[in-house]
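What follows is a set of notes on a single structure, which appears directly below.
Letters A, B, C, D and E mark the chains in the order given here, with residues in each chain numbered from 1 onward.
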Amino acid sequence: MLALIPLFPLLGFLFNASFGRRVPKTVSGGVASLVMLASFAVAAMSVWQLAGLPVEERVIDQTLYTWIASGDFVLDLTLRLDPLSAVMILVITGIGSLIHIYSTAYMHDEPDSEYARYFSYLNLFAAFMLVLVLGASFLVLFVGWEGVGLCSYLLIGFWFKKKSASDAGKKAFVVNRIGDYAFILGTLLLFTHFGTLDFRQLADAVAPLPPEATFGTLSIATLLLFIGATGKSAQIPLYVWLPDAMEGPTPVSALIHAATMVTAGVYMIGRTAVVFTHAPDTMLIVAIIGALTALMAGTIGLVQNDIKRVLAYSTVSQLGFMFLAMGMGAFGAGIFHLYTHAFFKALLFLGSGAVIHALHGEQDIRNMGGLKKQLPVTYWTFLIGSLAIAGVPFLSGFFSKDEILFETFAHGHWILWGIGALTSLLTATYMFRLVFLTFHGERREGAIASGSHLHDAPPAMAFVLIVLAIGSVLAGYVGVPHALGGSNLLGAWLEPAFGIMPAAGEEEAGLELMLMAVSSTIALVGIGLAAFIWLKRREIADSMARSFSGLYNLLLNKYYVDEIYDAAIVRPTVVLSTDVLWRGFDVRVVDAAVNGAGTIVGASASMLRRLQTGSVRAYASSLFVGVVLILGYYLWR
Amino acid sequence: MFNSSFDAVVPMLCVTLAALAAMGAEAFRARDEKMPIGGLGIIGLVGAGVACALLWNRNTSSFGVIVADNFGLFVTMVLVIVGILTIMFSSQVLEVDNLPRGEYYALLLFGIAGMMMMATANDLLVVFISLEILSLAVYVLTGIRRDDPRSTEAAFKYFLLGAFSSAFFLYGIAFTYGLTGSTRLDRIGAFLAAQSMSDNPLILVALGLLLVGFAFKISAVPFHMWTPDAYEGAPAIVTGFMSTGVKAAAFAAFARVFLSAFEPFSQQWVPVIWVLAAATMILGTVVGVAQSNLKRMLAYSSIAHGGYLLVGLVAANQIGKAAILFYLLAYAITNLAAFGVIAMLASSNDENEELRDYKGLWHTHPALAAMMTVCLLSLGGLPPTVGFVGKWYIFSAAVSSGYYGLAVIGMLTSVVSVFFYLRVVVMMYMSEREGPEPVRPRIARMGMVALTLSVILIFYLGILPTRVLDYAAESIATIF
Amino acid sequence: MIPLDHYLIVSAILFAIGTAGVFLRKNLITILLSIEIMLNAVNLTFVAFGRSLGTVDGQIITFFVMTVAAAEAAVGLAIIIALYRHRESLNPDTFSSLKW
Amino acid sequence: MMPLLTLSWLVPLAGGLLLMLIGNGDGRRNGLIRWLTLAISLVAFVVTLALWAGFDSASAEFQFVERQPWIPAFGIDYYVGIDGISLLLVVLTSFLTPIALLSSWGSIDKKVKEFSIFMLALEAAMIGVFISLDLFLFYVFWDAMLIPMYFLIGIWGYDQRIYAAIKFMLYTMAGSVLMLVAILGLAYLHSAATGSYSFDLLKLYALDIAPQTQMWFFLAFAIAFAIKVPLFPFHTWLPDAHVQAPTAGSVILAGVLLKMGTYGLVRFAFPLFPIAAAYFAPWLALLAVIGILYGALVAMVQPDMKKLVAYSSVSHLGFVVLGICAMNVQGLQGAVYQMLAHGVSTGGLFLMVGMLSDRRHTRLISEFGGLKAVMPRLTAAFMIITLASIGLPGLNGFVGEFLILLGAFRWDPRYVVAAGLGVILSAVYMLWMFQRVFYGPVTNDENASLPDLQPREWAAVLPLCAMAIVMGVFPTLFLKPMEPAVQKLVQRAQSVQTLQVKAAPKLPAKVHIKLVKAVD
Amino acid sequence: MPDTLIFYALSGLAILASALVIGQRNPMYSVMLLIASFGALAGLYIQLDAPFVAVAQIVIYAGAIMVLFLFVVMLLNAPQEDAAEWDRTHPLRQGGVGRFGAMLALLLVVQLAWALMRANDVSDAVSSRGDVATVSSVREVGRGLFTDYMFAFEATSILILVAMVGAVVLARQERGQ
C-alpha cells in the first residue's frame, strides 16, 4: 500500500520518459497529473488508516525487500508512515498534484518532447520526494534525498540551452553534494555507534542516553546531519544555490524550491528529533544558523528585482524560521510552518508564474507594475499569499510563524526572537514591495508586452491559484494554538513522531498572546512601510539606495557570497588542479620521473654505446681490463 | 671398434661425417649442379639427435674425455635443433647471397661438431680444442661474405679478440694443469675437493683465467665488446647460429667446469659471476635501447640473455643448473627464429636490417611479422612463450638461493629489454612506411617451415614445458 | 736447479709482452705475432709444470697448442688477406665501420 | 560435469584461433568476422552465466575447481576455481566484452580480423586472471593479457598510440616483474617449509611467513597491483593509455583491467601477507585517499573527455583500495561491488565518449555543446551513466561507495572524512563535463547534424544502463554471492593478525597497536 | 750453476726478442725476431727435459708457422706499419690505447708474479719430481698422445680441416675476378 504512493509517480515517470515524446501533450500532462492525484488518493487513504490507529501505535511499516546486506549491515528498503511523514506526503502529493495541473497549462508552449520530459522529471521528483519522507532509515531517506536533488538539477536546467540554467542546476547539485557529504558522514558515525540506520531503532537507542553536556559523538553526528540539511534546505552557508535555482520553470520553483524539497532538511531534523534533542549544542547552532539565515535572506530579498529571486530569498528566509524552530526543540512548530509555508509559497510562486506567463517571460519587477487590473485572479491570490507569509493574523502564516517566535521567546532566546521579529518585519516589507511594484502603480518603461496582449491565468492555472489561496488562508487552522482557544491539532498529531514534546503552552498563554500582538503589529508595520515607500514615495527607495549605496550594493549582490566562494574555493581549486596537480605534479613529477627513467636509460645507452668505438684494440683493452680486475679481485681480496 | 667406449662420440661423429660429406659433395659437384647439400647436414644432425636419444640416461663416456651424460646430451640436442633450423634457414640465404654452399655447410657442421664436443668434453684440453674448432668455423662463417667489407671486418674482430681471449683461457688451463696435475675435469674436481687449496693464489688465477675464456665466449660484460660488431657484420643467419650454438656450447662447458671441477671454489667464483651477470644484464639491455640496427639490437639482447644464463650459474642449485639448460633451449629456438626472419628478409645488396626497414612489414609479410613478434615477445619473456618459462625458471633458481638482488635486476632489465623488442613490433605493426618498400627476396618455403616449427616450439614449450623441464632436471641429476 | 717459479715468471713476462703487443702495434700481422707469443708463453708454462709434475702430459698438450696456433694462424692470415683486399691497410683501426 | 571454468576462457581463445583461419585479405569478410566474434563472446557470456547459475552463494569455498598437474616438478598446477568475488568479475568481463565489440563495430574498419582476435585473446586472459588459483597460472594470464592490450592500443589507437601502448606495457611490467620475484620467493618459502615447491594459492595461504619477509613480499605484490589499479602516484600510464586506446580498448581497460589490480590486492596481497598488510594498510589507504582527491581534482580540469574519465577512474579506484585496506566485511564487499559498478559505469562512459569521438573525431569538451538537442537518446543514456558514476543512490555507484565508506569509517574515520570530499568532486567534474557537452546551445555547426544512437549502439549502451540501475536497486543479487568469500577473507586477516600478535611481540609498536585494534 | 746461467741467458733472449717483436714497426723483422725468441724457448724446453717439444718448436713453429707469416707479409707487401694519421677525435683511438694496454700488461705481470710468489708449492726445483728418462722420452710422448690424448688428437684433425677450409674460403680469389 505505502509503496504505491511513490510508485504511481514513478510509473508516470517511466511512461513519460519512454513514450512521452510520441504522445500529445494532453496525454503526457494528463498521465502525469493523474498519477499524482492517484498518489494523493492513496496517501490520503493511508493517512486515514493511520489516524484510525491508537496514538501510540501510529506507525505503518512496509518492508519491500532487503536493499543492501553486508555482514552486520543489513538495510531493508522500508517505508514508514507515521504522523510526521503523513503530513509530508499529504503536502507533497496534494500540492504536487496542484502544481502538475498548473504546469499543464504553464508549460503548454513547449514542444511535445520537452513537455513530456518536463512531466517525467516532475513525476520522478514526486516519487523521490515521497521516498524521502517515507523512508524508515537514513539510507532510504538518502535515496530520496539525492533523488530529489537530481530532479532539482534536471528541472533547474530544464532549459538546457541557457547556460545560466544549466549552471544553476549544476551549482544546486554540487552545493547539495557538499551537504550530502556531511550527511553521509553523520550517518556513518551514527551507524558505527548505534549499529542501525533505522530512525526508530536509533531513537530507541538514543532515548535512554542523557543529553550530551559536552560536544560529543551525538553532537558531531547531528551537526553533520545539520550541515546536510543546510545544503538541501538552503541555509547558511550552503544557501547559495537556491536563488539561482529560479532558472527553472516557475512551477518547479513552486514545487521543489519552495514547497517540498527544500524543506527536506527541516523534515530530516524532525525525523531525528530524538537524536537532536540529545545534542543541545547542535540544537543551538541549528537555531542560530536558522535565525541568521532568515535575517540575511530577508535583507537580500529587500532589494532584489527579479520576482522569483525575491520569492527565493523569501523561501530561504522562511526556511531559516523553520530551522529556528527546530533548533528551539519546537519540532511541531517547525513542521507546522513547513506545512503552511508550502501553501502560501507555492501560491506565491505560481502567482509569479502566472505573471511571468502573462508577460512572456519577463521577470524583472522594475519592468512591471499595474498588473492588478489585467490579472485579477493572479493579483488577488498573490495578495492572499503575501498576507499569509507576512504573518497577518488569522492567515496560515500567522499561526505557524507565531508559534515559532513564541517558542523562541519562551526558551529565553531573546536575541533570536529579536532577529525573528526583525525578519518578520522584513518579510512583510519585501513581500509587499513585490506586490506593489508588480501589481500596483503604472506600467513602467521597458515593459515588454503591451496591455492588450496580457491575459490572466488560464483555467488550469487559475484553479490551482484559487485552491492554494484557500489553502493559504485555512491551512493554519489545524494548528491554532491553545492560547487562541485552538487545540493545536497538528502539534498533537505530530507529537509521537518526535518522541518528546516540549509542553510549552497553556500556562504561558498570556505571553503568547502578547507576542502575537507584537508580531501582528510588526507585520502590519512592514506592510505599511512597503506601502509608504513603494506606493506613495517611490523616490525614497531610490534616494535610500543612493545614500546607502554601499549597503545597497552589498545587499543587491547578496553580500558577495557567490563571489567570495568563487574566489576562495572554486578558483583556487581549479588553479590547484590545473597548474599544481595536473600540469605540475602529474606531468612534471610523476611522468617526468617515468619518462626520466626512460631518458636516463636512453642517455646512458647512448653514452655506453660510445664505448663501442669500433676499434678492435679498444675492445681488447676492455677484455684485458676484465682480466686484470678479476685477477686483482682474487689476489687482493 | 664399436665398443661402449665409443658410443659417446657418436652424435658428433654423425655431424662430422655429414660435414665431410658436404665437403665431398661440393668438391665433386658440377659447376652449376644443384645439390641438396643442406640435406646431408640435416641427415647428419638427425642422426646425432637419434644417437642422443639412444644414449639418454646411459651416461656413457668415450676415451675418458667425452662423457655422454644427460647434461651433455641435452645440450647436444639443443645444438641439433640449432643446426637443423640454421640449415633450413640457410638455403635461402645461400641462394640470395651466392655463398659457397659446400664450404658453408661443412663449416657449419664442423662448428656444430665442435660445439657438441665442447658440451660433452670432460677434459680442459678437449674443451680448448673444441672451442677452437667451433671458433674457427664461426670466424670463417662470419666473414664468409668476402665481398662485404663489414662481414670481413666482423670476422677479423671476432677472430682477433677470440684468439686473444683463448690465450688467456689456455693460460688458465696451464695453471690448472700445473696445480692439479691433470686436465680431466673429474680428476681436477677430486683433487680440489681433497686438497684445501683456497689459500693458493695460483689456483685463483687459474680460475679467473678460465672464467675469462668462458665469459668471452658467452659475451659477458666486459668481455662482450666483440659481440655487437661480429653479430652485425656477419650474415644474419650466421649471427643466429653463433648467438645460439656457440653460447649453448660455451655455457655447457662453463657450467660443467665450474659446477663440477671447480665446485669446491664456488665461494670464490660466485661473487665474480654475480657481478658479471648483473653487469651483463644491465649493459646488454641498456645499450640495446639505443640501437637502430635490428641485428645489433639483438646482439645486445643476446648479451643480456647471457647475463640471465649467468644468473642460473650463480644460483648453482639444482634448479639453476636445470634452468640453464632449459633457458639455453628456449633462447636458442627463439633467437634463431628471430635471426631467421632477418635472414629471410635480407636481399643480396641490402640486408634490410635497420629498424626502419621493418616499417609496415605487417602489411607486406603478415605471417613473418606475426612470427617475428612471437619471437620478440619470447625474448622479452612474456607468457605464454618459452621465453617466459625460461626466465621464470632461471629466476626461481636465483630466488631459491637467496639472490633476490640479482633476480630483481634481471627482472627490471627484462622490462627494459621489452622496450626495445617492442620497438620492432611498433615498426612492424604500428608505423606506416614512407617511401618505397625495400627490395625483399622471395621467401623460401624451407625457411617458413623452419620458422613455423620454431614458433610452434616456442608456444609448446611455453605452455607445456613439463616434459622438457623434466628432461632438464634429469640432465643434471646424473652429474653435479 | 732452477725452481719452477722462475720458468713461470719468464712465461708470465712473455705472456704479458704478448698482450702488450696486441695493444702497442698497429699492424695486424704483428698483432697476430703477439698472440703467438702469448701461446708460446703458455707452452712454456705447460712444459715447466709438466716437468715439475714429472709427466709428459705437459709436453703432449704443447703439441696440441702448437696445432691450434697453426690453425689460428692460418685462419687469421686468411682473414688478414681478405681484409687487405678491401681496404689496402693492415692498421686495425682502419676497420671500424662496425661500431656503436 | 562440464569444465565450465576452463571453457570460460577457452571459448574466446579458441574462437580467436578460429578467426585466424578465416582469410580476410582485403576486408571482404569483415562482416562475417564481426558477427562471429560477437557470437563467440556471447557464448562466453553464456558460459559465465552458467557459472553463476550453478554457483552456491552460501559457500565461501572455491567452486568449479579444476585441477590438473601442469609442471609437477614445481608443484604448478592448472588450478582454477572461483569464489563469489571472482565469479562476479568473470561475469563482468564476459559481459563487457560483447559490448566493447559492439562499440568497435563501425569505428574499426582496418584489420578487423586481427582486432577481433586480440579482443578475444584479451578476454581469455582476463578471465584467466580472475579464475587462477595457482600463482604461476595467474602470472601467466596476468602478463599474457598485456600483449593483446598493447596491440589494441598501438594499432587501433589514436595519434599518440605508440607512446601510450609502450608506456602501458612497460609501466605494468615494471611492477609485475617484482611481483614475479615475490611469487618465486613464496614458492621457495613453501619448499623450505614443506620440502616441495608449490604455487597453490591455498597452500601458500597456509604458510607461516616471517613478518620481515612479509613486508618485502607484500610491497612487491602491492606495487604491481598499485600500478595496475592505478593507485596514486603510479597512475600516469592510465590517462595516456585510456585516451589513446580505441573505444573498445578503453572500455575493457577501464571496465576490467583496472579491477585486476584491486582483485590482486584482495586475492593475493592481503591474504598472503596479513601482517604486512595490516602494517601497510594505513599507508595504502593514505595513497588511496590522495588518489581519490587527486584524481577528482585533475579530472575536473581536463579538456579531453577521455582523459577526464580516465582520471575519474583514478579517483574511483581509490575508493576501492580504501575499502580493501579497511579489511572488514563492509569495506571489502563495498570494494568488490565498486569494482563491478565502476566496470559498468566507466565502461559505459568510455563507450559513449567513443561514440562521440567516432562521430566528431575529437574528444575535446570544448568542441561539443548542446548535444542534448541533437542526440537526446545518447544524452539520456549518458546522464544515467554519469549519475551512476557519481554515486547517486539507486544506481550502481552508490552501493559500493557507501559500503566502502562505512567499512573505512569503522576502521578509521579520518580516511572517510577526506575520501568523502571525492564524492563532492565527482559530482563537480562529471556534471561540469555533462553540462559543457550536452547542455547549452549548439555552438559548433558540425554538431548540429550528428546522428543519434543507432540500433547497434543501443544494443551496447542499453545493457550498461540497465545494469547500472539493477545494480543500484537490487544490490543483494551481487552482494550475496560474494559475502561468504569476503567473510572468509576478513576472518583470515583478523585471525592471523591475532595469532601474530601473540607470537611476534617484536613488531614495530605501530603495527602492534594497529593489530590490537583490529582484533578488538 | 751453468744451468742457471743458461736459463737466464735463454730466458733473457726470449724476453728480449719478444719485446723487440712488439717494438718493431716492420713486420718482417718482427717475424725474424720471433723466430729467435722461439729458438730461445726451444732451448728452455731442452733444459726442461723436453727435447721433442724443443724440436717441434723449431720445426713447426719457427719452421712452418713463421714461414706462413712471412709469406703473408710478403704477399701483402706492406712492410711498414701504417703510420698515417687517423681520426683523433676519440680518446680511445689515440695512442692511449697502446699505453693503457701496456700498463695493463705490466699490471698483469705484477699480478702473476705476486701470485707466484705467494704460492708456496712452486718454488721447488722444476726437476725435483719424476724420472728424467721418462719425462724426456719421445716414446712416452707418443704413447700419451695415442692413449690418453687419443680423442684430442682426433679432434685436432677436425680443427685442421676447419682451418684449411676456412683459409681457403676466406683467402681465395673470387671466381671471375
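As a working rule, a contact is a pair of C-beta atoms (placed from the backbone, for glycine too) under 8 Å apart; a residue touches a chain by one contact, two chains touch by 3 or more.
Everything quoted here is computed from the prediction, not taken from an experiment.
> What chains do subunit C and subunit E have as common neighbours?
Chains that touch both subunit C and subunit E, as defined above, are A, B.
> Treat touching chains as neighbours and tell me the shortest step distance from subunit D to subunit E.
The distance in steps between these two chains is 2.
> Name the two chains that are joined by the greatest number of C-beta pairs in contact.
After tallying contacts for each pair, the winner is C-E.
> Whose C-alpha centre lies nearest the centre of all protein C-alpha atoms?
D
> If every chain is reduced to the average of its C-alpha atoms, which one ends up farthest from subunit D?
When every chain centre is compared against subunit D, the largest gap points to E.
> From the centre of subunit B, which other chain's Cα mean sits the farthest off?
When every chain centre is compared against subunit B, the largest gap points to A.
> How big is the gap, in whole Å, between where the Cα atoms of subunit A centre and where those of subunit E centre?
The mean C-alpha positions of subunit A and subunit E differ by 101 Å.
> In whole angstrom, how far does the Cα centroid of subunit A sit from the Cα centroid of subunit C?
Measuring from centre to centre gives 96 Å for this pair.
> Provide the C-alpha centroid distance between subunit B and subunit E, rounded to the nearest whole angstrom.
Here subunit B and subunit E have centroids separated by 30 Å.
> Per the centroid of Cα atoms for each chain, what is the distance between subunit B and subunit C, given in Å?
Using C-alpha averages as centres, the distance is 26 Å.
> At least two partner chains per residue is the criterion; list those residues in subunit D.
Correct list: empty.
> Would you pick out the residues of subunit A that each touch at least 2 other chains?
In subunit A, the residues touching two or more other chains are 609, 611-618, 620-621, 624-625, 627, 631, 635.
> Could you tell me which residues belong to subunit C and also touch two or more other chains?
8, 15, 18-19, 22-23, 32, 48, 50, 52-53, 55, 57-58, 64, 68, 71-72, 75, 78-80, 82, 92-93, 95-100
> Which pairs of chains touch each other in this structure?
The list of touching pairs comes to A-B, A-C, A-D, A-E, B-C, B-D, B-E, C-E.
> Which positions of subunit A touch subunit C when the two form their complex?
609-610, 612-617, 620-621, 624
> Which part of subunit D faces subunit B closely enough to touch in the complex?
69-74, 136, 139-141, 143-144, 146-147, 150-151, 154-155, 161-162, 165-166, 169-170, 173-174, 177-178, 180-181, 184-185, 187-188, 191
> Which part of subunit E faces subunit C closely enough to touch in the complex?
Touch list, subunit E to subunit C: 3-4, 7, 11, 14-15, 18-19, 21-25, 27, 30-31, 34, 37-38, 41, 44-45, 47-50, 52-53, 56-57, 60-61, 64-65, 68-69, 72-73, 75-76, 78, 81-84, 86, 93, 97-98, 100-102, 104-106, 108-109, 112-113, 116-117, 119, 122-131, 134-135, 137, 140-141, 144-145, 148-149, 152-153, 156, 159-160, 162-164, 166-171.
> Spell out the residues on subunit B that touch subunit A in their complex, using ranges where they run on.
The contact residues of subunit B facing subunit A are 156-157, 160-161, 164-165, 168, 201, 204-205, 207-209, 211-212, 215-216, 222-223, 225-226, 228-229, 268, 272, 283, 286-291, 416, 419.
> Mind listing the subunit D positions that touch subunit A in their complex?
Those in contact with subunit A are residues 167, 171, 233-237, 239, 294, 297-298, 300-302, 328-330, 333-334, 370, 372-373, 376, 380, 387, 392-394, 398-399, 402-403, 405-406, 409-410, 413, 416-417, 420-421, 423-424, 427-428, 431-432, 435, 438-441, 473-476, 479-480, 483, 486-487.
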